[in-house]
Amino acid sequence: MCTAATYKTKDFYFGRTLDYEFSYGDEVTVTPRNYKIPFRYMGEMESHYAMIGMAYVAEDYPLYYDAVNEKGVGMAGLNFVGNAVYQEVDEAEDGKENVCQYELIPWILSQCASVREVRELLSRMNLVGTPFSEQLPAAQLHWIIADEKEAITVEPMKDGLKVHENPVGVLTNNPPFEQQMFQLNNYMHLSPRQPENHFSEKLNLTAYSRGMGAMGLPGDLSSASRFAKVAFTKMNAKSGDSELESISQFFHILGSVDQQRGCCEVADGKYEITLYTSCCNASKGIYYYTTYENHQITAVDLYREELDGTKLFRYPLITGEQIRWQN
Amino acid sequence: MCTAATYKTKDFYFGRTLDYEFSYGDEVTVTPRNYKIPFRYMGEMESHYAMIGMAYVAEDYPLYYDAVNEKGVGMAGLNFVGNAVYQEVDEAEDGKENVCQYELIPWILSQCASVREVRELLSRMNLVGTPFSEQLPAAQLHWIIADEKEAITVEPMKDGLKVHENPVGVLTNNPPFEQQMFQLNNYMHLSPRQPENHFSEKLNLTAYSRGMGAMGLPGDLSSASRFAKVAFTKMNAKSGDSELESISQFFHILGSVDQQRGCCEVADGKYEITLYTSCCNASKGIYYYTTYENHQITAVDLYREELDGTKLFRYPLITGEQIRWQN
Amino acid sequence: MCTAATYKTKDFYFGRTLDYEFSYGDEVTVTPRNYKIPFRYMGEMESHYAMIGMAYVAEDYPLYYDAVNEKGVGMAGLNFVGNAVYQEVDEAEDGKENVCQYELIPWILSQCASVREVRELLSRMNLVGTPFSEQLPAAQLHWIIADEKEAITVEPMKDGLKVHENPVGVLTNNPPFEQQMFQLNNYMHLSPRQPENHFSEKLNLTAYSRGMGAMGLPGDLSSASRFAKVAFTKMNAKSGDSELESISQFFHILGSVDQQRGCCEVADGKYEITLYTSCCNASKGIYYYTTYENHQITAVDLYREELDGTKLFRYPLITGEQIRWQN
Amino acid sequence: MCTAATYKTKDFYFGRTLDYEFSYGDEVTVTPRNYKIPFRYMGEMESHYAMIGMAYVAEDYPLYYDAVNEKGVGMAGLNFVGNAVYQEVDEAEDGKENVCQYELIPWILSQCASVREVRELLSRMNLVGTPFSEQLPAAQLHWIIADEKEAITVEPMKDGLKVHENPVGVLTNNPPFEQQMFQLNNYMHLSPRQPENHFSEKLNLTAYSRGMGAMGLPGDLSSASRFAKVAFTKMNAKSGDSELESISQFFHILGSVDQQRGCCEVADGKYEITLYTSCCNASKGIYYYTTYENHQITAVDLYREELDGTKLFRYPLITGEQIRWQN
């Protein structure tokens, strides 16, 4: 499963973990402004905003897991298995804009300079389940879309496409977002400060350890528990606002829901792990990432590429620990 | 507070987090075999096993937080505030060996080639509270000591020095170790696998997310919750047995109890964070670490120093993210 | 707040707790077949099924909290504050049947001999918020309706009247029923049997107490926690099938979510308590109850009244402990 | 397993549940002042304080589970399996007073007019494991002893007889009492009042139900969870101070940890239930009880017996619901 989060200091940061038991072969991929995007039902888009993100590139098409465009809008798709329902193609002449599930990230990021514009675009869109190819059936997903001002969650449900304000700026997987947000009410008493004794004034109860104010916060790897844990961590996170301090803190936020190999067995001897963790400075177009086997932060800068180009720029992930020796 | 853990693949690994709101100025410090260790009541030790670990060096004396010796014995001191009680100096002629609290790590690691030998040494030792200096009063600590075969916990209590087998190979802080171990019974049903429905066979309950088998595992930063979380993570951890796979997995294990800045407020605007995380290959004498602001793993190799030397070798920590640029 | 439950042995039992900080003056009330029921928009019903239940009788009208009719259909209204939304009166000629919120129990129980018939009736009904009187504004409620074969939950929501199958046969308050049911997935591993060690086969964890298989079941008095607790208790309940064994067990089931005075402070010095607990043998028309201050079970038998009568039969609750002295 | 509690209004109340899968045949038993108590090692006591309580009477000897004497001292023995360790008989001439485990209640209650006197008596006592008979081996127990001023817990441990102040006035079973008290620290933030939002001031979290202030309180039937639940309930309990209000409230306090048949399976098809619940007005010598199958409160009054008598007065429990019919 996965976790996404936003973070704001001087700049705006957007990132996610991708948790799964194997990788399709992910690459940090820059789509420059003049790369022609072929939309299945909407024709070919000749020029658009540039974007950078993590993608599996199939037939030269960037199937983005998460990306940020040059206007500072970030977006990530996360598993939503059992809940995601896509629509049939709307064939009416004055019908809605038919966008395939796998096209949603480029469709949005190519055109929208803000979440306000995203809402507008979504309102006239019909999200359909046409798969990319026979080998790549439609994934059941929901999305978080954010700019520095606000975040929304987009969920294709049985009764239509839902767009929710996302005041906490995080997303995991099931259950649907409204229910995840509702469950946070159960944790409202949790605090980064030490607890006070409200059990009984006649008992001499004490905090025997630091950090007891958040007792009750879950620590397992299920999507509901990760939502609560990362929400608490993100909402209470403090850091300096320099670039290095910000991204360091961001990786600590998502690190709070890291999936360790062995703790989530999805089939005999198969374990879901956090394949990669990303943190994109959406304001500056820098995509940082770590992988399960490489703790060092690696970076790709959108603006070091030819943004007016026509071809994808692709960077395979650097995996394997990059140890620095001091002696 | 802090967390320590052991891990065994082909080699034996030992490490810890040090969580606090400020640093004394820590250095990876190698004590070579002929560095003369001045013990307060036991005289000067002229030669001994070499050791490597994290220390605050005061007056050329290595005040180790954690270290490993050349025989593969590892040891770490962790806060035990409110429970640690040190003894008075035993002045009887045939009395026990008086060792100061701050000397315990060098006292043990300088002489013991195994935990079996540690037990022996502890049995004739009297742990006293004499401080290192007026500026550095005695810290209230307990210790985990381990080799590749076994781990023990050493706790100076009101009724004497307790030595407990530590079958889980982890340590945090309060409450005392026996109570921490006992509390694990409350989590015995947790599993890395999906839960089965035992609630009622008449209800169609389902696991709506991966990772639900460990629901109930705590996720706050208190020492009792960190104990349960890291114990579950460590006991279920899986990795390849190469050096890089092993240390990568080890940092993921301790990452499960990472303390993020903002989530544990210890005074107005002061936050406890994981200052550093260490992982020592005790079999090969390589000390790896990360710091809160540097995700890259840095390493110091015991055997690249002159082990028969007489002076400390000191490596100030590399802090600040070491970003690797791909473009 | 409140809790309702069903139970089946030889006969079918239906009951509830009513939790609040004061009582309106409740009476066990029998509505005989020929008591004329004046419906606000649907005219006067001259004859109908007889029913027995707990009501506040206002202007000779039985405002039932819960009741059972002579056909064995039981029904209870429970608080649903913040979620219940009633409709405007449907004034179309071929419109739906307009039924006021306070009329729902008599409307259903007067006409339906089974839950199947209830579904039918609900499908052509429009539930409106017209209050009984100025002094008695419309309560925000949802309902559980059950016969010996099935149970349903009826919830008037913003987007219409929802009718849910209720496989667990219990109801509390917020959040909406589907969400309560979903949350039971989080408890699927709980069991009346002792837990097995799935934490780690390398640790010798043991069950140090009986009853540990349900660790994780909540024990506070919130509606979400009561739902989980009473669902577990009801689904695992065992008893003989005689009348006395059945009702004894039923009161134990609802006793599991009893609200003790002092544990739920709703305003300074005001405490919500379980004002009464009822258990109706729906098959035989016997209404049993206890009150907070009277642990003895008191009973009223529908069939000891003149069922073809025209006037309500009313039995004020017996409160105050009825102690039996043995010497 | 079992739960005991104290409660103070105008008078002092002391009671317990006895939870088990079968009954030995319990009777409310009055031991008058001149009933000769044969102590195994301490000779026969000819006259003493009178006492009333629940006992299994074997060979005319009252094996009390719980009792109260005419001086207002109450005492109950609860299972302490795996922890209770009894001593060998002290055969020294000036040795301690050897008292058998099964004699402890009569030994204490026959002689002590206050807990202060109990402490004194315990200090010169040696608790031995000699069984009552071959058929009745020594039970592994610990005890709560209380008067209106204070309560203590007495635990026979491997390293001797422990006497702990019991500020909460409750006792269940494992783990040992000090650990149970320590665990209450984990619940210190729980409150009968609604929770406040400390999670994040930027999120609009709300209490969607009454009773959410105690979220985190456990609701399963294990001894550790019952300790927390009953402690919270007792410490926050409010009632009028009349006799009926007090005992009503007391039964609600212990009702909070009632064990329902089916929820604690101790062997295939065998279920632990709350066989009886008692509440003794220790000030007035009135023993009230309910049984699993009889919700009505039944009472026996110490002072209605001939207190200077020589023979036990025995009242078999009234079981089976005592229904009161209103029509």
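In this document, chain identifiers A, B, C and D correspond to the written order of the chains, with residue numbering beginning at 1 in each.
Simple rule for what comes next: a residue touches a chain if its C-beta (ideal position, glycine included) is under 8 Å from a C-beta of that chain, and two chains touch if they have at least 3 such contacts.
Note that the coordinates shown come from a computational prediction; the quantities given were computed from them, not determined experimentally.
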item	value
Which of A-C and C-D has more C-beta pairs touching across its chains	C-D
Relative to subunit C, chain with the most remote C-alpha centre	B
Cα-centroid distance, subunit A relative to subunit D, in whole angstrom	55
Length of the line joining the C-alpha centres of subunit A and subunit C, rounded to whole Å	43
Gap in Å, rounded to a whole number, between the CA centres of subunit B and subunit A	34
Rounded Å distance between subunit C and subunit D, as computed from the means of their C-alpha atoms	34
Residues of subunit A engaged with two or more neighbouring chains	175, 182, 186, 190, 193, 208, 212-213, 215-216, 224, 232, 236
Contact set on subunit A toward subunit B in their complex	1, 28, 82, 173-175, 190, 192-193, 208-226, 228-229, 232-233, 236-239, 244-245, 247-249, 251-253, 255-256, 258-266, 271-272, 288, 290, 292-301, 304-305, 313, 315, 318, 320-327
Subunit A contact footprint on subunit D (complex, rising order)	167-168, 182, 184-191, 193, 195-200, 202-208, 212-213, 215-216, 231-232, 235-236
Sites on subunit D touched by subunit B in the complex	175, 179, 182, 186, 224
